[in-house]
Amino acid sequence: MRKRRSRLTLDLAGYGFVAPVVLVIGVMIIYPIIRSFIMSVTNWNMASGAASHAFVGLKNFKSVFELSEFGQMSKVTLLYTVIGVLGKMYVGLAVALLLNRAFRGRSIVRALVVVPWAIPSVVVATVFLISLDPTFGIINGTLVHSGIIAKGIPFLSVPALAMTSIIGVAVWRYFPFVTLMLLAGLQGIPKELYEVAAIDGANAWRRFLHVTWPLLKPVWSIVLILQIVWTIREFDLVYLITKGGPGSSTAVIGVDIYLNAFRYLRLGTAAAESVFLTLISMIFALFYMRAVRKSEGKS
Amino acid sequence: MNRRQRTGFYILVILVSLVVVFPFVIMLSYSFRTSTDIFSLDTGIIPAHPTLHAYGSALFNYSIAGYGVFTWGINSIVVCGVATIAAIYISALAGFGISRYRFRGRNLLWFLIILTQLVPWIAVLIPYYSLLVQLHLLDSLASLGFTYMTLFTPVCAWLFIGFFQGMPVEIEEAARIDGCSQLGVFHRIVLPLATPGISAVALFAFVIGWGDFLMASVIIRSPQNWTLPLGLVSFRGEHRILWAESMAVASLITIPIVALFLYLQRNLINLMTGGVKG
Amino acid sequence: MAILLFSAVATAFLFANGSQEKGKVQQATVKWDQWWYSDPVRGPNVTWEIQEFEKTHPNIKVVPAAISSTAYWDQIPLDIASGTEGDIVTLDTGAGMNQYYNQRPGGAFVDLKPYIKGYTLPDGTNLEKDIVLLDQMDRNGKTIALPFLWFAAPDTAYRKSDLKNAGIDPSQLTTWSGYENAAKALAKDGKYGFGQPDSQDVLSRWWLMNWLWTAGGGIFPDEKGPYTADRLIFNSQANIYALTYLKRLIDEAGPSGQKSYPELEALFANGNLATMQIALWGVGNLQKNMKPAGSFESDLGLAPFPSLTLDGVTHKPVYVAWGNPLALSTLSKNPKAAFEFMAFLDSKAVQERETVAAAPVNTLVMPWYKEHFPVQYTFLNDARKYTFRIVPDIANWNQWDHVIQESLNAALLGTKSVKDALDWGQQQMIQLLKQN
């Protein structure tokens, strides 16, 4: 009797604590997302709002796939995500390994590594926009001045270079997060294991492969999944630097949705694309939960 | 490590430090020039004629429809501040609730929090925009504040869950035995103890709003309601591009944030590692 | 249900924000959408115009929107579709009017014919007789906008001293072949010889179409309807020729990377660029910025856009001309008050003031214009000798614009061959026509 009552009280208390967040999430996130799902299967337009939708089934999705841009957009997003994530993860890992050793000034360097992550995306985009300018930018200015090249390199005007540039900027901006996460993971690996491996005659690479990597994998998986989700939906950096250009060569899906909704007013298309993006994010959310549970199991 | 390896190692370290700081330095360097200098192709890393002119011009001479950097700064501070405080409170409650209590639906809620945290903002933006249009609430800082609060909450809750799970329960138990109510325990015991975590989460959330461009650009229209990111982007117009002034404003936007990050970095890192690992 | 909740909470927030003025004197508030309020040169004009107007119309308050020129063209269709545009919307006939007018079923703008009829301003301007371009404002028998200012582009601006030092006679700039030789000769010692705006943000309808038109190409013949797929000439030989020429000139004599108009203007004003394609409003900017002081008066030359002689046929230049008319929103709560202000903007005093960057539509102002802005007057007279054209006024012009931009950009950058870029554009346009 007593146990059940205190159990009920505990339950109620729990509900009390989470009620506000349920309200906020339910009303202001889940409801709009459901609404956007609905919008994507109607011929809703901005002016009529909820008033006059006619159900059009999967027509919007069909038109998204049929547009020659879909292939382009998927290709661009995939390229940006895959290379971007690989860059962030491996650069992050390399720097984490570097910082894992004790050396003089380590705390300073570790503090500096936070800087790219701390600078707001708007500022990052603006700084790179001017730095990469072929005529007025510091990078080209220095290269031309020292005679290495004759004319400035149009970093943002040639599709291949533009893509490289935005991936580079993204890697620079987000690798600190990876580094800090992996560093925490690395520092949880007991030093004795390394000593044992060294005594057994393992060199640096084998020590990494057999000691570090297996124990780092749980954190690695979690960070990897997070980076994938965050990279796929990237908007600010890409839009502010290239606006999806030149042409549509850097129009990742986030930028494409924005342009479709607010510039070309192709709202059905935008809604369909954003449904697509949301579903993908949800799938990765499931992967994330699984990875977290696995890592909890391990520790 | 032998001598050669050691030098190689230090070179790498210096390289990493330079790469990491390089754009920040460029930003400062460009901010100490005048825009005309830039257009006259002064592109070295050290300005030819260093000057504070851009700062003065950006802060005191630059205005769109009569509103300048000061207005936008205040808008940003207020909107982000209020949204952060609201989000922190709601999500701290939630984080505490989920980590301490076992109630039906707890795991589902936890999953939902993770899910909504991973939802791309753009997916929410389009229905928001149409809703705001219908309610005639476009171009209002209150709408933007609401939006930020909504978008901060899942991330903060996610971080708080991890944080509270790492906090020892003994003191709370002691307080409860002493007759303190559930909410009382939260307000009087837990919150004060959680200050390092709260400050880190608050900084995290605040900075997301401080640098947000996407939501602000769609919801806010008039210059009197602009936030700093919108103001920053305005320096690059069709008929004039004020690079030096924009770098000056960028520096002003960035330096406090970087300083705060450096100051709170220990808390931040603990938070992220705790929160991310669930 | 959720909307109720949301709006309840939001309303609470709003009360904290402060409420609107209620129950004041019978004041009509009119919001004016335009894009130059924040411009340091033209912006003060807006303030002055509103002040003068409110002196004689104390019951009307005019509020200018402060939308940047880069954001305006995307924001206005969105605003119109969402029903949040101002009472007065400034348009650009170069961007077409249909894509704005058609954003709402039944048309977004009020028919101004009854307002214009018999309307004479205090300074004697008769709206029906003394305003040019009114006939171009007709859609389906309705007059959907009132002309305000107009422009032409481009002329070729050059530095007389640079040409003299290179031994080039300015008349060389008036033919495509002559211009090419001149530009190449001028591009040396760190200076550039040819300035053509071609960055992402640059609107093809202002800066690139005239090259295609002069060569005998374009989107449709003479850009006249009917707009059907079989009449598309986007991938024609004429367009290929024009783009190839342009790309060659930019590569050989222009600054590297895609350049926007203000960047080129800055290079020209600082003496790093010898010739550039300039618009009417650019002349006003140069008057302020050209260095060294005094060079605007002594060193600035204007040559008409070059004509092209190809296979023995001489193609005279085709200029881009467009107007910035004022439209009255159907959702305006104070249409009469709004029209009062619109008419005021066509008065002699305002027209004289705005012509620092544009040509007046009020014919009574022309003699004054000739006297006070001789350089701009020359520009206009150059242009007037030739044909004016604007892009087709298609309902979803926004998307056509994007296709044209992308196609021309790809060709000029070299990421696609000129032929491939134009073929791609043609295919996209066929798709766009199907959408209608």
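Labels for the chains are A, B and C, by order of writing; each one numbers its residues from 1.
One rule holds in what follows: a residue touches a chain if its C-beta (ideal position, glycine included) is under 8 Å from a C-beta of that chain, and two chains touch if they have at least 3 such contacts.
Note that the structure is a prediction, hence the values are computed from the model and not measured.
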Graph class of chain-chain contacts, one of line, ring, star, complete, other: complete
Chain pair that, of all pairs, has the most C-beta pairs in contact: A-B
Cα-centroid distance, chain B relative to chain C, in whole angstrom: 39
Distance from chain B to chain A - Cα centre to Cα centre, in angstrom: 16
Multi-chain contact sites of chain C, meaning residues that touch two or more partners: 6, 82-83, 263, 267
Sequence positions of chain A contacting 2 or more other chains: 28, 46, 135-136, 262
Residues of chain B touching at least two other chains: 39, 41, 129-131, 133-134, 146, 236
Touching residues on chain A, where the partner in the complex is chain C: 27-28, 31, 45-47, 68, 133-136, 151-159, 242-243, 245-249, 262-266
Interfacial residue positions of chain C with respect to chain A in the complex: 2, 5-6, 74, 77-78, 81-83, 103-104, 199-200, 255-259, 263, 267, 398-399, 402, 406, 409-410, 413-415, 427-428, 431
Chain A to chain B touching residues, read off their complex: 10-11, 13-18, 20-22, 24-25, 28-30, 32-33, 35-36, 39, 44, 46, 49-50, 95, 98, 101, 103, 105, 109, 111-124, 126-131, 135-138, 140-142, 145, 172, 176-177, 180-181, 184-185, 219, 222-223, 226, 229, 232-233, 235-236, 239-240, 254, 257-258, 261-262, 267, 270-271, 274-275, 277-278, 281-282, 284-285, 288-289, 292-293, 295-296
Interfacial residue positions of chain B with respect to chain A in the complex: 9-10, 12-13, 16-17, 19-21, 23-24, 26-27, 29-30, 38-39, 41, 43-45, 89-91, 93-94, 96-98, 100-104, 106, 109, 111-116, 118-131, 133-134, 146, 149-151, 153-154, 157, 182-183, 186, 207, 210-214, 218, 229, 232-233, 236, 243, 246-247, 250, 253-254, 257-258, 260-262, 265, 268-269, 272-273, 276-278
Residues on chain C engaged by chain B in the complex (per definition of touch): 3, 6-7, 9-10, 13-14, 16-17, 37-41, 64-70, 75, 82-84, 201, 260-263, 266-267, 270, 272, 285
